[in-house]
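Below are two complexes that have subunit A in common, paired first with subunit B and then with subunit C.
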Partner chain A sequence: MNKNIDLNNLQNEGVENVPMQERRDFLKMGLAITGIFAGGSLFSAVSTFNSAHASDFAKKYPYKPHYSMVMQQHRCIDCERCMDACVATNHVPKVHGAYRTTILEKETPDAVGGKREFIPILCNQCNLPQCTRVCPTKATYKDKTTGIVLMDIKKCIGCLTCQEGCPYNARYFNEEKKAVDKCNFCWDTRLSKGEKDTACAHACPADVRIFGDLSNQEDRVFKIVHQIEKAVWVLRPEAGTRPNVFYTKG
Partner chain B sequence: MTIRSLCITAVAALSLAAGVAVAASYPEAPIVYDKPVKGVVFSHKTHVEKGLACDMCHNRLFEQQAKKAQENKDFVMESLYQGKYCGACHNGSLAFASNTRCATCHIGVKGEERSKTGGKTEKKGH
Partner chain C sequence: MAHHHTTPSLNELVTGVANRLKTAGTGFYLMVFIAAAVVLASAGTGLMAMIKGHEAYYNVYREVPWGVLIATYVFFVVSSTGLCLISSIGHVFGVQDFMPIAKRSVFLSIATILSGFFVIAFEIKLPWRMAIWNVISPNLTSNIWWMGTLYGIYLAFMFAEYIFLLMNKHRPAVICGFSGSVAGIAAHSNLGAVFGLLMGRPYWQGPYMPIYFIASAMMTGCAVILFFHILGYKINKQEMSPEMQRALEVTTKIGILLITVILFFTTWKLIAGAAGQPAGAYPVVQSEVFGHHAFVFWFFEILLGMVGPLILFILSKGRNLKLMLIASLSMVIGIFVMRFNLVYLGQSLPVYYDLGVNEFKEMLHYAPSVYEWIITAGGFGLTALLFLIGEKVFDGHKVEDH
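Take a look at the complex of A and B:
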């Protein structure tokens, strides 16, 4: 072996044959391998910081703060304190089918251990919302400063096209308002009044719902979405709406 | 020490002998706690069928009156982690640890409604 490596004339031997474990070890350090040299004794790498995990959905954070929620799904116990808090805070009528947030139940009878899991859902405040695109009167819109999908109930004609367009079943017709109603991350009831979280996140006793700012690297939401130890996903990614509600487990 | 272990053996033997009688007299319907959070199930059947005797929980960990424990302020998960209530067994060695498999006991509001009606809950929002 030639021990005097000519550093100026090294050839990249290609990353195709780098073992998966090696790649993962580097990724955990926040680095992606870009080349190997000198028969595998040297690596070149770049920071993965900007191409963060779940990057298809979280690539850009155009709002400041960029409101987001992470659900630690495995911790949900369906105590429904979140739903009660939402109803009380946002005056959601107690009638069948009316909710701004709810909890789905998935039974897993064949699983080892737990036999069910609960999945909290709410409006995903998508970056590319379908509901606002299909609304004929622009009664629902993506707010330019907060990024929250809001309702202007005066403009709503109750055609329910937004309900059809929403991949998350996050809208209902409010008989009292005579308009469609939906989660707005408690914008009018809490955030605009200086509160730092939503009523549901505030009420959760199990630390399932974590509300925060996805554009702030110090924020818990940012840290969970960008780590690579645990999987992070969104619901119905195929809808292509780039949702701002993320899920994780374990 | 010897006397104590003898006593324990005697108690265990008695419990086993009384097993059949005990099994016939436990409440059949699951108990569903609603405080401090709604929808937490305890099934006598599940536990008796695993061979547990009454005196393993009564009245040291739980009084016989159903849901009496939830009147206590310390009837919270933190107490379980310290070995109180369900945590006496659900500690990861005797039975699965209290800080795992949350939804096994936490059947939720939906589970609570199901246990009342004996069937499926009406699905909300669909």
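Take a look at the complex of A and C:
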């Protein structure tokens, strides 16, 4: 049984003697192996990329519904109807520095093609909010059922530490309410009354702001956040707050 | 041990205070009048702002919500903690050389923290709510909550300690002094953590702030002790005992040490903010060292606050009281600006700076309004007023012969 092969005395038969089909098969196999490796690393790169944008940022979706917003940044034309709707719905005072949502403008003069883009911002309803941690009196808190960061205005002492803690500039002191004010996804003015979206998302004519439920796999927000073809990101991920407002474009 | 005196009657005490007040010169009364006027003007301004709304009177705004009043509060509680810690070296931890400064320092630690509370009452928008909700809705993850609560406990201990010192009851005074020091360190490091634990503010963020706050409190304590002791002796026209001279000499020495410690801290803070150009901190350090805030930083914080006094203290050898008075005054001014720099610079970089949007491309600016300055002055006025009255009522904070 154990016949030793004399490797040293084997003669080179030459590739010319290998049948065409075998050569093809071999090449195919090689390509397949290479392909698995290349494709695999590409796949792993994409999946890392994807997970870093979706599940990692919010980490998990503990609320039902888990309210979230996706900004299709490329569609924003700065018409400001969202801002007007927010002011009207949530009685935001018309004074300088008072807003729950606004639109930032970014210019890239040396860009090819379009050079200007608009970035809507609002409270990110973070899963790990800084503002609620620093508040001395629990005047701001993450609601246990909705996950929305809310204000209990009677408890607000106006120390403004939440404003310092927020990495998104989402808070301001409302002199009329005598408390810090912020976006609450229109909880008191719309959602708790049975409406399905926020005033800003409702008013947007360009489908920039998509409001939805991140815990529902059929929801548009879920589908955008969990696909891998288009980049999805959050603002200031380094602050570690696990925001629930996502951005995408293109 | 202290001699046992026959306890003076209330009448004798009142007569003593009355006599000391009567014999005080016009200069003393002028200073009391000015200090009281500043406090009244400050309280009036603060109440007006409180009633009509801060936004009409203060220059702080959405992106820079903390201004000179927070810096002033920090300055006073830094001073108070420092007074408590430096004076405890003697009367709590038993280092004889520091004994003579105990009474005045403990008195001043109460005066300065009251001044801090006075100013913060006009900084917080709804301070009356704090009294209720801090108690019935405490947030134990909040450094502000811990800081406020611990400073309340600290103040109670310092009051008790001072009363025991007046009564010559050393044992309870030591217990209160020790407890006050512990509460003070805990409170003050929490104040550092108010800034240091904000994840979205890279210039502040990290363990540096609580550590720096304690070290710089002790440096400030030395300056305030020297300034008010030398001034107190000038006001009372008293001859300084060799023990008191020795106490001020060792305070000067420890002041020299602490200035070098804070210079060392500051140097590494700047290097850490420059090396590798960390996002969020580098532009701030740039503006601090070379940019629009550079003069304030170099002239006030570095020269007046530390390097100048360091040279003067060394030249004084801890004995030239005039040099020491100038040095400590310079330090107090410099340290006040140091607090302002700390509070302002951490907010000077917009949170959206790295996004590159038009609205937040530039560093944010803030200059206090005249109303904010008046309230700030009121903090200093209150410390001055309490100090002056204290000198007469408590007879130069005389220490018992040992």
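Just so we're on the same page, the second predicted complex is superposed on the first by the 195 of 250 C-alpha atoms of A that agree within 3 Å, B and C clash if a C-alpha of one lies under 4 Å from a C-alpha of the other, contacts with A are read in each partner's own complex, and residues count from 1 in each chain.
In this section, contacts are C-beta pairs under 8 Å (C-beta built on N, C-alpha and C of every residue); 3 or more make two chains touch, one makes a residue touch a chain.
Please read all numbers here as calculations on a predicted model, not as lab measurements.
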{"item": "Simultaneous placement of subunit C and subunit B on subunit A, clash or fit", "value": "fit"}
{"item": "First, second, both or neither for A:Arg81, with subunit B first and subunit C second", "value": "first"}
{"item": "Larger contact residue set on subunit A - subunit B or subunit C", "value": "C"}
{"item": "Partner chain(s) touched by A:Gly97 [first = subunit B, second = subunit C, both, neither]", "value": "both"}
{"item": "First (subunit B), second (subunit C), both or neither touched by A:Glu105", "value": "both"}
{"item": "Which superposed partner A:Ile228 touches (first subunit B, second subunit C, both, neither)", "value": "neither"}
{"item": "First, second, both or neither for A:Gly114, with subunit B first and subunit C second", "value": "first"}
{"item": "Touched partner set for A:Phe173, first subunit B, second subunit C, both or neither", "value": "second"}
{"item": "Contacts of A:Pro136 with subunit B and subunit C, given as first, second, both or neither", "value": "second"}
{"item": "Touching partner for A:Lys154 - first (subunit B), second (subunit C), both, neither", "value": "second"}
{"item": "Shortest span in Å between Cα atoms of subunit B and of subunit C, once chain A is used as the common reference", "value": "5"}
{"item": "Residues of subunit A at both interfaces, subunit B in one complex, subunit C in the other", "value": "96-97, 105, 169, 172"}
{"item": "Residues of subunit A that touch subunit C when the two form their complex", "value": "95-98, 104-107, 119, 121, 130, 133-139, 154-161, 163-169, 172-173, 175, 178-179, 235-236, 238-241"}
{"item": "Parts of subunit B lying in touch with subunit A, wherever the complex brings them together", "value": "36-40, 96, 100-104, 106-111, 122, 124-126"}
{"item": "Of subunit C, residues touching subunit A in the complex", "value": "53-55, 61-63, 65-66, 124-127, 129-130, 133-134, 137-139, 141-145, 148, 194, 197-201, 279, 347, 350-352, 354-360"}
{"item": "In the complex, subunit A residues that touch subunit B", "value": "74-81, 96-97, 99, 102-103, 105, 113-118, 169, 172, 205-206"}
